[in-house]
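Here come two complexes built around chain A, the first alongside chain B, the second alongside chain C.
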Partner chain A sequence: MRFRAKIVDLGCLNHFTRVSNTISKLAKTCTLRLSPDKLYFILSDKVANGGVSMWCELGQGNFFDEFQMEGVAADHNEIYLELTPENLSRALKTAQNAKTVKIKLTNKHCPCLTVAVELPSLSSSSRIVTHDIPVGVIPRKLWTDFREPTVPDFDVSIYLPVLKTMKSVVERMKNLSSHVIIEANLKGEMNLKIETDLVCITTHFKDLGNPPWASEDASQDRDSENMAEARIDIKKLLQFLAGQQVNPTKALCNIVHNRIVHFILLHEDVSLQYFIPALS
Partner chain B sequence: MPFSTQAEDENDQYILVASLDNVRNLSNILKAIHFKDHATCFATTNGIKVTVENAKCLQANAFIQAGIFQEFTVQEESVTFRINLTVLLDCLTIFGSTPLPGTSTALRMCYQGYGHPLTLFLEEGGVVTVCKINTQEPEDTLDFDFCSTNVINKIILQSEGLREAFAELDMTSEVLQITMSPEKPYFRLSTFGNSGSSHLDYPKDSDLMEAFHCNQTQTNRYKISLLKPSTKALALSCKVSIRTDNRGFLSLQYMIKNEDGQICFVEYYCCPDEDVSDSEP
Partner chain C sequence: MKCLVTGGNVRVLGKAAHSLSRIGDELYLEPLEDGLSLRTVNASRSAFACFLFAPLFFQHYQASRPPQGQPPRCKVLMKSFLSVFRSLAALEKTVERCCIALSTENSRLVIQLHCKHGVTKTHNLSFQECESLQAVFDPALCPHLLRAPARVLVEAVSPFSPALSEVTLGVSRGRRVVFRSYLEEDTDAARAMMTEMSLSEEEFQQLQAQEGASITFCLKEFRGLLSFAESANLLLNIHFDVPGRPAIFSIEDSLLDGHFVLATLSQSDLCSQEPCRPGQGTHSTTHLDDFANDDIDSYMIAMETTVSEGAAVTPRTPSPVSEEEAEPNVVPGTPPLKKFRSLFFGSVLAPTESPSEPNPVLAEDSEGEG
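The block that comes next holds the complex of A and B.
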């Protein structure tokens, strides 16, 4: 089992840092899955994290100048690590102006992800900062726990409004209520609603547009004005909206009526999926 | 029913309708009196007065004149209701309190009368938020009976002159002592904290002093914990008028310029903490 990778380009480094920051905002611990082409950050839906799950996928070729790995076996050429993403974020913080960043799997007392940052220096001698991030190696028999979540048969799929606006709205709503109803239809309309003893608030977004597949799949048997809704934990929603730093080029959400809300953020080669279950 | 009369009917059912192109002209001034959850609102054809009180010793009033609003109608002589100010402010700032440059949130506020919620329609960039905030039984507010004929001393200061002083008030002192006098020290703020006393004097010919009308030496103490919330108004204001009457009651009037250059006032009244003899320094 071997892994080493190198980032030289500053743009790639910043991009990778933003992804890592996003993950650390969304999950205390997660699984880092390494394959020859892709990296995955995975949070599976355990009761401990309120049934929320996350799946973030990035192509290694767009981030790393060098990427070498050898999985546990030739026919299972992958590595699964348990990681505290906060530690990775902190390590990358020191790498803001780095000349190179090397990330490798090492074994120092315990398995570590070693991040070696070469900083620019005025003299000929180089300055290198090394972070050893302890990780757990996940044995193969547990890999099945971290399979890509199946996209549920959603009732409505809709593009999200400007995330900053949505974040402000949810931020205020969080002060007033612990859960929020998110509802949307196939006419490009989405509402966020809270109802408490003190106040009822509804924010109406319109003309958001529905992705083409939404109408193909669902509209035959669905009235386009009919709302699909889910009541979800407002803190989880805000965590997602406030935590994401991927500046997505496309953001959308799928709603399975009274069951789950599935968010997808796309930015070039990075995709982030986030699942928040509905409260009963 | 033809559409025109229908629309009229809709407006008819409200005893208060107020519209504003920039909601911050209302939310900012309400933040200046937001030190308790509950506020009482009085609306007349002149505008809206929002009152917040604490401990029967302090009252803060924000005045938003009818002219600040683009549309302002009141069907009855006066409309009074109590509302949760924290909730109201969360609603008014639902699109964020620091807007993107070039955008502003428009507001339409309607009230149908006793027993009905206050309804807010907020719009920014095509996104509409509707809020229905439950109103409560209005409570009697304090009458401080602060009459300009009984005013003994009055000073108008540029707010920046007071901002630093208030930001650095020794909060270990229970009281803030204010001395106003036609003679030295003219205007003095004193605190008596754990680490000693401090006195801050403003000379009467200071550039910060816009007006100085003191007739008689007066020294009064005010609970610092009561005055501290007025710092919020001070932070937003450009000028402050400090007055005391013959009973030692304090009036602080803050002149606040909104983003459209219009002027609003916020006023704080505070009871003196105890009598101190005039001879004491």
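The block that comes next holds the complex of A and C.
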């Protein structure tokens, strides 16, 4: 099992750093899956996460100048690692002006992802910062826990409002309630609602637009004005919104009435899916 | 004692206070003929810091009033002293003059900040008279020296998290200077990230140490001096010896000098922390095992102190190893700093007051009697 990769371009490095920062805000530990073409950051819906799950996919060619890997076996040419993403973010933070960043799988006192950063210096030889990030190698028999989630049979699919706006609305709501109801319809309308003993607050978003497949897949007798809703933990929603560092090219969510909310963010070469289950 | 600081030097004095506050809770002031000395020591006696401001640093400096002769040495609460100089930005912008005077009649250290627009802020700090706080150390006795502009060292430690307690500094293969994060014994090695910064010898003005030389010391305390040195744009010297012997970090210019003396771990091997040891568990377990067996006597560096009213320094006699092992600071679970070798501080005892047992003095006090 081997892995080595190198980033030379500062733009790619910054982009990768931002992805890493986003992941570190969404999960304390997650699975890093390496395949010859792609990297995945995966959080599966265990009870410990409160039912939340995440699937983030990156095309390696858009980030790395060099990327070589050898999986556990020829017919299973992949590597699954358990990783604390905050460590990766901290390591990349030291690489802001780096000449090169190399990442490799090594075996120090335990399996590690070693990030070696070459920094410019006034002398003739560069400074080198090395970070050894401990990782856990996930055995092949557990790989089935980390399958790509299927897009649920949603009731409504809608484009999200500007995430920053959504975030500031939810931030204020967080002080008043621990749950928020997110509801949307096929007419491009979305509401965020909180209901407490003292007060009900609803923020209305209009003209958001629905993705083309929304009306195809949804059941025919669905009135386009009918709202599909889900009551979710407000902290989890805020965690998702607050973690975003990059404005996505496309941001949408699918709602399965009273079951689950499925967020999809697309940005060039990175796709992030985030599932928040509805509370009963 | 009375002295007057003006202009930009007020901020320098404030910066020194910030630096010292990273070490100890009490600030010892000693007005000497050489200048005003500010000193402190940490609770576990593993770090000592002092700044000496030469008379030329002040617009006016008077160590003592002639009739009194010997100026009183006093100590104040670090928190109180620091609060006078809390905001460095404000010091720079509004304070024109700072007057420090020891008023024995009122038992107060009076610090007056004369600010713009006719505003005067007067702080009356209560003080306690005390013995001189003096650590015995001599940079000249240290075989290894590393000297670099503060900026280089600031950049060298920037990859480390501010939460990191200890760091190992050493010279590795190829004459590269290496800083490496040190994992404490109780850290979960499976989770902890290890970070290392390696710089070429060329970045240092002077590197007098052979490959393999290394020490492990408290990074947080070192950062205290480092930030001062960086703001004053000075060169910083690191004098060190074998692991276990204190390391001396010093800066100087024509108007002041500063010394931070930090204890080092008795087992510090840059190479042993390298990954290629088969069957090794966490690399830090060896430190804990060796520490308890080390011979304390061979590392004592100075004489004991006297007890004076309220003085923070407590008497210690050189004792057989068994007594040392009962020291509170070897209790498991105590913060890592307490596992450092304690520094013992010399005093300015008159010969007649010296303790009955002769103490092995391994390093003479180079700073002279106060």
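The rule is simple: the second predicted complex is superposed on the first by the 279 of 280 C-alpha atoms of A that agree within 3 Å, B and C clash if a C-alpha of one lies under 4 Å from a C-alpha of the other, contacts with A are read in each partner's own complex, and residues count from 1 in each chain.
Throughout what follows, a residue touches a chain if its C-beta (ideal position, glycine included) is under 8 Å from a C-beta of that chain, and two chains touch if they have at least 3 such contacts.
Everything numeric here is computed off the predicted structure, so don't read it as measured data.
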Have a look at chain B and chain C on chain A after the superposition and call it: clash or fit. fit
Applying the touch criterion given at the start, work out whether A:203 contacts chain B, chain C, both or neither, answering first, second, both or neither. first
Quick check on the superposed pair: does A:125 touch chain B, chain C, both, or neither? Answer first, second, both or neither. second
Regarding the shared-chain residue A:55, is it in contact with chain B (first), chain C (second), both, or neither? neither
Check whether A:94 is in contact with chain B, with chain C, with both or with neither, and answer first, second, both or neither. second
Where does A:3 make contact in the superposed view: on chain B (first), on chain C (second), on both, or on neither? neither
Is A:168 in contact with chain B, with chain C, with both, or with neither (first, second, both, neither)? first
Minimum distance between Cα atoms of chain B and chain C in the superposition (Å): 6
Shared chain A footprint, chain B vs chain C, residue numbers none
Hey, which residues of chain A end up touching chain C in the complex? 84, 87, 90-91, 94, 106-110, 121-134
For the chain B and chain A complex, residues of the former touching the latter: 84, 86-87, 90-91, 93-96, 100, 117, 124-134
Per the touch rule above, chain C residues touching chain A in the complex are 155-156, 158-159, 161, 189-200, 202-203, 275, 280-283
Please give the residue numbers of chain A that touch chain B in the complex, ascending. 161-162, 164-165, 168-169, 171-173, 175-176, 197-207
